[in-house]
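So that we are looking at the same thing, I have put the structure below in structure tokens.
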């Protein structure tokens, strides 16, 4: 079943293609749809501009499928489930027609939106190992309508690799920078751009990196202005915020 | 001495009002001005859209004055020195004509820009004690050209106080939320707005708040999307980023 | 063998169905029953109102069975073993007639009490992933005689889901709230109820959630009054305390 | 000005003793009273059973006075301001007729309620140094209507001192236990009582006590059932919750 | 090959049963025996009263065997290798005649000493799960010549179980107490005995126990006198020190 | 008033020098003496071999005086109050005849015991800055009857200073080692002595010493056997335990 | 394909053995070579004296092979990939002619340099378990041209084992010391040598070693002068720095 | 009294200008000079190449003076006492002829060495606030014979300030980099130099900088090679090590 707006729902009722109970569930007058394991926020898009995104990590494939199918009824935007491993993703793709899976960013998604990408979100990462987090940011922003440009493995130990991307940095509406270990890249990028910068610490490193704590603290204490930070490995959060800023930019 | 653009500088040289050495210092061909205790980044505005902001905490009044006077030569934007206590501020105000001081946010500033404020930055805080941090954000954003609206003491223990500000949340181009203790307010606000949200943990609290760590962790782990975090008590950083996003919004 | 009170024990001795040694062990004059790996506190119910609950995590199935069978002799209350995985549970169910297992809360239990549930314990959780902890609280309270009502997936990012439960919050004798990530839900619930509130941080989250530390600190620093906190993922502890408060409420 | 109920307010309007604007402020139709530094939650008592308690730590004497005077208009319950040092307290007592100050617990309060104390809240502490925290709990509970009994300096290094209070522990409706250093007392008390137990870690100790962290962790990990924990040094929170549980006990 | 004293070595040389090189290695004039992966301290017994104990955790079975065989040449005391899993132990037992293995404490040992046990070391633990650590302490002390008495599962939630062991506590030369979770037992025992007390925090617990940190901090901050602490789960260290104190006691 | 044994008390009653109430208080049948701020454990010496030692840090001079005077009635051993600053000490010395003060260790004491010191407790420290902690250990042990020998400023950066004390290390019944910074000295001493070793981390250091945490962790993880650890700066605890071990040594 | 200098490249172009595009890639005018997953810093050797070393931990065998082959074109120095497990190493050795693998240090390397080793780098470790980290340092230094001498298992609990290496310590140009647990060895070595000392904390230990944190803090707080520290288990970093210092020593 | 070599001492004895006891103290046959509060390591220079440096923080002016005067007898090198506040310094300068004080680095020193400075130690810092730590490093290195060049306030937010110092970075024998906040500068410098790099984290920052922890972790996790780290604010340690490396460089 596909998304119906209120007119379509009422028409379907009058054509007896929907029962009154089914229609009421779709109209979701309380703003949420109760399942026995979840309470889907069908009002989110109205308040926040984007429907719920499914956090796949703590859920079974069955739960993801049920929520995804319920969201499909309520929105015409692209639908995402993040942090899905390959096995869960396969189960969802089998049951939910039209869904796709990106194994690097581990996002399952349903493209419903065909509008052209707008603006410019630059996504940078310091090293090859930060790539999955950077891709989670990049794909999230793309699915939310942003034009994304990537510059990977441009860490501070070889500054010329970064300086070669100055044109991108001056053109971007918003910049996302993922880095692990000492987390120094966002500070350096912050001194080279006028765009808002979202820093993503990654858990790459060992020993005193303490699973990303080192990079997180570094980014929170950055001497560069115009920058803020999301949780360790939270590529999704950075991509989402980047898309929001990008969408409202001139 | 006031700001001069390159034409004015060259003209002053030709009129012999400036020596060649003085002119070279003003033109700052290397992009910085060296003092024996500092290396002022006169190229910052070109790269990042805004001149250096003076971090007053680790500097003497004499150092702040010297840097402020040097910046005055290089920019027509408002100039700020953050984290100035009353004593330092008095010394600066005495020596630097035109500077003002706000004792709540502890910012010394020189207004040079008279353009009308644009957009809408909403600054919220959870309790009365978070007010200095919220004001640092608000005044910073104002000095950078943003129209700011405040909503203070709207913490989650009395939700109706926040729900009464829904109109503001739907109108804002960007929302700044300061909170200490459990740091829950940004998560709740994040579910009520479509604007980008910048969360500022404050050091308000005691015991297991660990000087703001509790609020910081809470904000980093927020279940709300479209939100990022700055350092504990970093009202300046939040206000700066808010002003950047606000300025580039439609 | 079933529970016998002192009269029944003495009668069994006189009928020579029990030896003197067996009777002495049952009467447990020192208040505990020694096994080579445990020292079962048979006096607990007299002092604390409820018999020992078996913490299954660090014990073998054989140890759990032996303690459970010994407790059966000493109490007519329901008996519980918490944190039992499916394998241990199967072994216990096979050897201990009448025991049951709930795989979500991972509790093995023996229902001996048939009195009607009393009062009202409300158990809330923020997200689907917090469900096992919430269920551990709910089932524990039920086994201790409380009437329990659940409201799951009512996190703060969609406040209307919570506000729809106001009637429950005003009727409850005690409220249990489980949440991971930023742990904001208890603070919000605390502002909506007059009942005592027990907050349970869960280990749900990643990165800077530090396995539940973020939620724990948030709850300890809550600005809401009338609330206290148990250990991370300690649904049992919350359910136990809720049942005690509920039982003594008017 | 004293508390007036809705009838008294309307009558005062009709007698022209109150203007319409004053009456509207008192009726507080939005449920809060806005000041430029605070947003007093006048609806708290209806929702939570008790009016706002003023957290004095981050406020000036002037702010405390203003909020206290506003609360006086809205409630007939006792009003409290916690964490007031002697200087602030003196300023409040001078300006607010009827207020009193307890220098041990550092609470400023206005007694408006003359009903007899009910129930039994037992407040214990481990050592002489924990006394201020224990007294904050005790006085809070008393001001909220509870009969309180104290047993101080009964730490675990001399168990007989605690065992001599068994009668109190069996009679109490709720037990509050404050302890610093290793925080062992609540675990021992928890094994001796059937009442709900609220543990308060104190910051007493040195070295590896880390300002109360040691006691906090110990209490969160207690092997005793029926117990929960509040923030370090949060005597107020423990006393408040104890009063709530006590008030609804049979 | 068995232990030989200097006379036996020289005699063997004269009988040409040992080459000069072999004899020199046995006499170990520098006080250590070099292997390519280890430098066995053959002088330890002279300085510290006891030969090296092999820490098995970071070593291969082959390395353990080689060191054990070398130690056998240098000492007539019992030889131990701690933290050996079952697989390593099997390999050692196969290659080293006379060695035995205790799977609870995970110690491989070679009994060479047949003197009667002396003194009295009391080893207590709080719960069944602490048993492996307590046994590591107990067996270590026994192998070093101490008479050991055990009292297990005597945690503070049921004090009578501990109070029933007062006679043992007054008779012991030294007391070892292992406990996890809140680590309260040593403080209580410390108030009941005049003997030196060695506290061993265990990693038993979950959530805010942080793998034994909670118990460790509690023990370091104990209000009881005459007590000290070893590393988390370090039953060996506690047993070794207990044996040393016990051996020199009157 | 001085200590009286039971015969002397009864005789004083019969001579009407004591009232029945005074005598009962002295006999302390419950094992403790209640004051309104403390509950002095008069039974401690019987159970633990030594009377209560007053922890002066959290107490007023008046409280210390009152407890000290009460202890004087119950014991003939030396009485100590630790962690007394100079001001408190002066007040106590004025009111309590016979008391003395050592400003380095900050102990106030009353010498009542004139027996000769026995055994040998070696107290070492790594640097000059560790001296106050080492002296607290040394004086405590002396007041409890031990013969103490000191070796100060023998840190590992100049090993020959330590190696010059080998004779003392082989003669000592117990060794106390205080060190801050990296806390390496106990490990080295542990390899040079057969005596039980008590390590005391001190808070000397800066930066990543984290007020003694560095030394504490180092000592807990020592590769040397026969060693245990007390809290940071807890010279008293080390001296007390050393005296107990020393007293029961052959 | 092997390394070619600029003359050889141009000649190859003129002989049409290389296309212009291939030649340009080899000349790498921007100083880096872009792959879709990496941005190899071909200019590193010019700036830093040594080409990029591949950090194998976060990379697939395919990625390692590609980078290694690209580096081979740009340098005549030895090439290394650190932190390669056996499986990855086998894949690399199969595809990259001339590469070798050391399973202890887990380094894959390509020897291209045949100059004689110079200077003297002493590599020490405290225990057998620290050997892999020490070997990573030793092999790294050797591959960078240093003559390396090893002294393993010379921990502080048996000082004579270390004192026997005094000659090496006085001859070394730089000393690397790896140690886990309490991390005391570098402080002791620092007092015995005039050479620069690089301390490497290892993650060997348990409980309060917190995966090497204990050793790390100890080394950072060392009282010995002339010493600095690298990350936990970072044998590579220590070996690299040692080689650099050694190479520029007289 | 000035330094005398062994010939001068013996001559002085023969001239009866020195008693035998005085001569023996000067010759210091055990390698240390005992005072009642210190044990001065007079053998340090022979072993480590440089005499003891006095750590002034935990010592009284009297102690510093006594040690300094004793060192003067044993060495012809410059003598330093670090971390001396102005008051202590004044007392030392008054009593010790020839000593000088630098208030920025807080070092008291006695110049005895008049050889020309050699080599090149580059000392960089990120911001004006890091200056005292950088100066401690610089002055230490100078007093130990190094030629030092400074480049201050060259933080990463304005890279061109750093890139303008490339010539210095390529000429330096060793580079010291001090930075607080996010500690990113050493990583960037590490990619621009072939010299050994010593990173010094400073405690500059606030909130999540945790007194330098953020910078410390960043530096330990640096992706740059050829770099190591000293304790937070340990300018002395960095300067000392830099001087040692510089002195042995070609």
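Details
Order of writing sets the chain letters: A, B, C, D, E, F, G and H. Residues in each chain are counted from 1.
We adopt the following convention: a residue touches a chain if its C-beta (ideal position, glycine included) is under 8 Å from a C-beta of that chain, and two chains touch if they have at least 3 such contacts.
Since we're looking at a predicted model, the values are computed, not measured.
The chains in contact with chain E as well as with chain F are D, G. For chain D, the chain whose average C-alpha position is most distant is G.
Spacing of chain D relative to chain F, judged by their CA centroids, is 38 angstrom.
Chain G has its Cα centroid 61 Å from the Cα centroid of chain D. Between the Cα centres of chain C and chain F there is a gap of 44 Å. Each of residues 44, 127, 157-158, 190-192, 207-209, 213, 216, 220-221, 225, 231-232 in chain A touches at least two other chains.
All chain pairs that count as touching, in label order, are A-B, A-C, A-G, A-H, B-C, B-D, B-H, C-D, C-E, D-E, D-F, E-F, E-G, F-G, F-H, G-H. Note for the complex: chain F touches chain G at residues 126-127, 155-159, 181-184, 187-188, 190-192, 205, 207-210, 213-215, 217-225.
The touching residues of chain C, when paired with chain D in their complex, are 44, 47-50, 53, 173, 190-196, 198, 216, 220-221, 225-232, 237-238, 240-241, 244-245, 248-250.
Touching chain C in their complex are the following residues of chain E: 127-129, 131, 152-154, 157-158, 160-161, 164, 204, 206-209.
By the touch rule above, chain B contacts chain H in their complex via residues 30-32, 37-39, 41, 43-44, 55, 57-59, 63, 201, 203, 211-213, 216, 231-234.
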